[in-house]
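Below is one structure, written out as structure tokens, with a few remarks after it.
By letter and in written order, the chains are A, B, C and D; residue numbering begins at 1 in each of them.
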């Protein structure tokens, strides 16, 4: 296998540009395509799709690689980019993309950076910080001194609780397992069971992807709270009930790309590098 | 002196409404005037100015109480409120306001809540959190993992450095006195002298109210940084030089009222309560 | 099954007494046996072994329950307590013990509190704090400002790194997986690979139960360091090489019982309660 | 004035040896005298007193320089060292010592490193860490999860509260001024007035040099607590009352030299260097 010296970066949003910029700084030749609507391409070389497909050693495609399974996800491109054509031209060269389960093509050397654990953790950092930013924007008080509840102690819960604590909030975290509750107490946070949410909060951050904040629970603990749901669709908050109860809610999705495209792009780059190392590409 | 059971809240912005709402929750009767342009007055009783002046036991005026020395600072009022008239009607009843040095009226029982030290500290918390929010909004990466410089270790520097550290930034703080440098090191931050700023940063927060980030310093340490100036006008950043160097700057003033009117209102209320206790009003 | 109202606490050290004292505070009747050498039994009722075996609803035995597989581990008892006899008298009543794999008796209702995950996490807190205490005692400088390396990011590594950071140390943590390295970076610590230890440290805490600090590594990173090995026997430090290199080492084992018997006793009690709840005893 | 290239280090304890070792590492020639009882002198050159007095460019004396005003404080020396004789030989060369107010000699170039603010802050770090170490040694539970009260928010209070918080304790801090109470709240600690101590604690650290923990207060808040007094003699704890109430107390004095002689020696060295720079010696 020839060593990779150049990447074609095709489709996606600002994250991909930052990914390319950072890789260029590491010495890779970068060519981009599909960013025609973007005024600022960070000094990266824009090429013709056919040229890039002819010359690049490997390709970095967006997260998700496709929304419809047929065309590349390229919101900044002027023209649609059919996957069939793209993959035909790429042949056996390595392709790095996100959420490859959304497409079904064979005969490719296709790697999914979004499936990797270190990618998920780094992304959880960006999501957590995006949640803090959302809270600061939407809440009329300070996070400092506020009573915050984080439901769930997975990747996001762990990092978000630390951040809120670091800002001087009064942090309660819910979890289901006794093990997680022990970790939560060790950190000096208040620990409660997810199945039995208690207390009164100024801000509630849900990270659990099932209905934990239903109408009854919202009425009991969230009367004056801002509720930010970080769980993927359909989320874990009874949004209609919240509206009925005049509780302010935000369903904050896909935060990393929105609030920190630069960091997100570097996270993608690092995951690609890790794949290259592990796979000896 | 009769005990204070009611406050007239006249002029100012959303902070004053939150101040009133919080005081109402403590059992005070609150009447407001000068918020006609505001759709949401938080369930507070709006009265005629003459009625309020006749009936309230004491008055809470805004921060600053006036911008021109002649009329009350009342950006949400439909009509101008002349101070002469206002103070004539109030007579000897206690008046709490901010920045009373901006006006010159005698024969009043006028207290300045904004001069108090505990007010300044609590306000520095809101300012610091506003600085974090500004950084998150303006910066394409995460605060987590970024190299942050805070110049100055006064009220805002102390609190802001803690917050950035709590979010997982790599924090450097500058100060002039050896004592402050010792405190900075004790916290585990990197310490540098304000007169000799060094390093490369992703974000720089200036809290020093004199020119510490001049053209030369910016060129040396801020080439890729976002620079947020928290110092009062004229600030401590060479804004023109920054523009010439394509360094992104934000002069972030009056953050507490903008980013956290609720907390700011409660800070005003607490300062008023502290004056009442100390002065046996 | 009848409800448990009384515990017989037999054998073990001061932890078991604190366990009993805490359970007594929750309303349980407690009788103890096997603490004759201990002057202070915290106001707990000492009984005859036969009486306790006749009357207690359930039994709490030590961690480990036995060292030889034949007699109870009872370092504070005047007489040896044979397990055969003990278990014969207890019959089908619930028995809670630690490290039950060390014994082989059938026909018992034997529960192992030390196998539980929440017990392990809480114990890791006590171990980590014991490691900090050991470092403070053995090191002539302060932890604050010192360069600390924690090898491994399991239960103890996670908690210990936080504590050292909280004391103002400059913390580096090593791990093997990219996932753990991402978590370590998210916390603001320096992250290095366990297989490739680098740097110079004042204190090194090993939590990895295999030889990570061999002669070469010690010579490279630990010349002036205090090395504290927290891994079970044989540990992960080349102790002989360290001696040859005049590197000070401490193999700190069984810290929870030594440095925090009170907390350790309460951890045992909580684990017993959790078993009772889960098993509907 | 000739540049200082060599120091005579005379009298004092292990701190002075570490001070000398660290200065030797910076390139100074060091000669020591008055450490005859100490087996390990860290490779420093021991000389005759007369030789050192003849040759050294400057002198570092201990903290305190004297306990009786007549002889040097030299607990590790075999013979008494009269100040009269010592200062006679030194003449006009710079002398750095601690607590120079304890002696009265004129015609000397005598500098007090212990009066400096950055020395006091760095020493407060060592004192705070010594307080944590003392608490860990004397308390049967963990600091993590314990309810800690720190009375006073001066140098030690500020740093100690941060350390306890960093270990996962539940921290309450008392202060007198509204300003300090605002800072305490900003950190996320519980804030109470020193004149009105409330609550129940596992550990109480007094930093206030007057009687704040009298019999009544101890009975109310310290029934099960370990009380550590960090205030200079006579301290701020009613020790007799505590004994009567069976409350365990420790009067922990002069902690830096005891728990962290290395760091303390480096703190002395840094203060000496700062004096040299400021005084252009």
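What we mean here is this: a residue touches a chain if its C-beta (ideal position, glycine included) is under 8 Å from a C-beta of that chain, and two chains touch if they have at least 3 such contacts.
The model shown is predicted, which means the values in this text are computed figures rather than measured ones.
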Chain whose Cα centroid lies at the greatest distance from that of chain A: D
Separation of chain A from chain B, taking each centre as the mean of its C-alpha atoms, in whole Å: 34
Computed distance of Cα centres, chain C from chain A, in Å: 38
Centre distance in Å when chain A and chain D are each reduced to the mean of their C-alpha atoms: 50
For chain C, residues that touch 2 or more chains besides their own: 125, 144-145, 162, 165, 168, 185-187
Graph class of chain-chain contacts, one of line, ring, star, complete, other: complete
Touch list for chain A against partner chain B, complex: 14, 18, 125-126, 128-129, 132-133, 136-137, 139-145, 162-163, 165-168, 259-263, 266
Residues of chain D defined as touching chain B within the complex: 116-118, 120-122, 124-125, 158-159, 162, 177-179, 181-183, 185-187, 274
Residue ranges of chain B in contact with chain C within the complex: 144-145, 165, 168-170, 185-188
